[in-house]
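Down below is the structure, laid out as structure tokens.
We call the chains A, B and C, going by the order they appear; numbering starts again at 1 in every chain.
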């Protein structure tokens, strides 16, 4: 096993970790503020991928298509999330976890078939735009440009979220609402609007994750199933509501999975679950503190 | 798991309800015994599936409804039981009886291992760990080709001569269901069951009155796993094949839905839910390929308007009538 | 019967208990008092094993129970009631008490006997002594607040303790209900010879029932002794008056 292979696998794992992070960040945000376990998050991610595909197909899968898709898909998913939140979720905010999970799971089932109805059942694929195609050479390893792009997007999103939450007025309101919803109401801030906004932001992130992964994978039903469990585990391991925790655990999962594929290719899929299991057993409250 | 919205009102008083329940059960069983003479093979197969699923759902409810634990991946033990039978019958020359005995034992063993870690956590974290460890088992089954044939699953599993017809399978699953439900019912009515409810309602107080809550929960978890293993055996009898999808989390989600639909706080709730879901999926499948859409909408309505489940709702209204008359 | 020495407990840097001493003689009623935030509930939680102490010792009937689990401590003969009503909401009144009786007899793992036939007399006896017999088949939510509080204590008695801890037993009660509790405490102490440790804000009650008082202030034991001595103790007066300012 030479350094080049290790390095490139690490690189790929890291970039996959970035996708995990972008999706999980939305989930952990939703959990931190709304205290809701949102199973539908994976479905939103999947819808984001499909919408990205459609948008880019309209433009003949060319470069403009990709960047437009990257813009449109998250916004579309954000809109859908808003509708879901206002129309359904706000009725179950005080219920127990099982009810919340099953409600959001019902959306998963509905979304799954709606996607089938709208887009059909054949696998779709989306092209990587010209400027991001191919790979470059680093320390003897050949690293795809697209993964480098993902590696840049991840921290940008992390930074953006951090700035929003800690520096802006709106962000501080979000954090306050996470800590004490009643207090926020007493202070005259409309906590229901905050909830809607946070859920919409979470949806935007899920859509972005879907749009970003679209060119690198087959777009099909079942995408939601594989990502949602990872996302949940990442969120719980990292500390519920903690963005940096989500980043750390996403990286651990992504890199762990990548190295697993390298060293034990046959059964590599057990790696994320082992990591999650071990971390949950050793530090059940999460790597970092929960909820801000 | 908070029980704010789920109160156990499963205490209809008096001998009347016991006799009523007994009467209903006996007549129900008698009717079911007549089914193979009255309906076609397809319906017999369908009902056998309902019986298997009813046992599975009822076993989950011991932990979910009575134990108050967010058990998100119970299907794993069902799958382990089914695979045990499949592997013993296709890869070894051991007799069928061994397979049948081994299945629930191995399922219970896996439940012991998984449960031991999970009961140390509470609420959402408990749920997440069941999910993680359950998926781990799925991943192992999915990839251990030598043992489980991996993605292909195991098919054409041989069973003894006397279980080769669908009618005999039907009677067998019905008999097993009745016996196991009776046992589960006794367990819920026993001191163990009462203490389990106590640990659900108030784990802190339970500890204070001398109950080792972790150990109690683990015991319930293992018992549930054992019965799920039995359900796995029944599944093999009905379907004669197994696939890794039995252990994927959406199967476990289905069982959760069944429990919710029938009612988490009523003993026969999961059975009702299983019956409705299995039969509904067959009926809907005749008209459309979008069964999941229908299920999703149904679940949505259920969660928003009937979270206590069908039987839970009926018990509540019955309870309200009694209290209107009785406690004024 | 109970001996607490040099107990310390901190939460995230806040020193809730910095030096607690307590000695509860057998058969007596001892009260722990102190201004709000003194750490009374924390002390109780440490004694009953719901919290782990950072350092110090708790000895019960000669045995070291520091950091033992609550259920172990219960079986050694200590039971407690809680300040906020902490009952089994979905069970009937009878079942609430029956649960602790069953647990005490270690019958919680009996699978095949119907629970409603088990240990009936013992459970009913407890209910009767608390005046809750008529409510036995009712759900807890149908009880008044005062009765729920009584049930709260009754459950603890189901464990047949030798030492009973009562955490603010009359919090939020009317004077009528408070009198009931006071009589109950006296009865338990005099007729049953139970050793009782309680915390309270109601000073009248404390000086009525307690044979010994310990004063906790900012996590430290500042005085311990007979009621009259405590009443005249300068440091106690300072602690309370200091708060008022």
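By definition in this document, a residue touches a chain if its C-beta (ideal position, glycine included) is under 8 Å from a C-beta of that chain, and two chains touch if they have at least 3 such contacts.
What you see is a predicted model, and the numbers here were worked out from it, not measured in a lab.
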item: Farthest chain relative to subunit A (centres taken as mean CA coordinates); value: C
item: Chain ID, smallest distance between chain and overall C-alpha centroids; value: B
item: Interchain centroid distance [CA atoms averaged], subunit B/subunit C, Å; value: 41
item: Inter-chain centre distance, subunit A versus subunit B - centres from mean C-alpha coordinates, in Å; value: 33
item: Intercentroid distance (Cα basis), subunit C paired with subunit A, Å; value: 49
item: Contacts with two or more other chains, residues of subunit B listed in rising order; value: 3
item: Residues of subunit C that touch subunit B when the two form their complex; value: 48-50, 69-71, 74-75, 79-80, 82, 86-92, 95, 98-100, 102-104, 106-116, 118, 137-139, 141-142, 155-156, 158-159
item: Subunit B-touching residues of subunit A, taken from the complex the two chains share; value: 37, 88, 91-92, 94-99, 101-103, 105-114, 116-117, 225, 229, 232-233, 236, 240, 266-267, 269-270, 273-274, 276-277, 280-281, 284-285
item: Complex interface listing, subunit B residues touching subunit C; value: 3, 7-9, 11, 13, 186-187, 189-195, 197-198, 200-202, 204-213, 216, 219, 265, 327
item: Subunit B - residues contacting subunit A, complex; value: 1-6, 64, 70, 72, 117, 120-121, 123-125, 127-129, 131-133, 135-136, 139-140, 142-145, 248-250, 253, 256-257, 260, 290, 292-293, 295-300, 302-304, 307
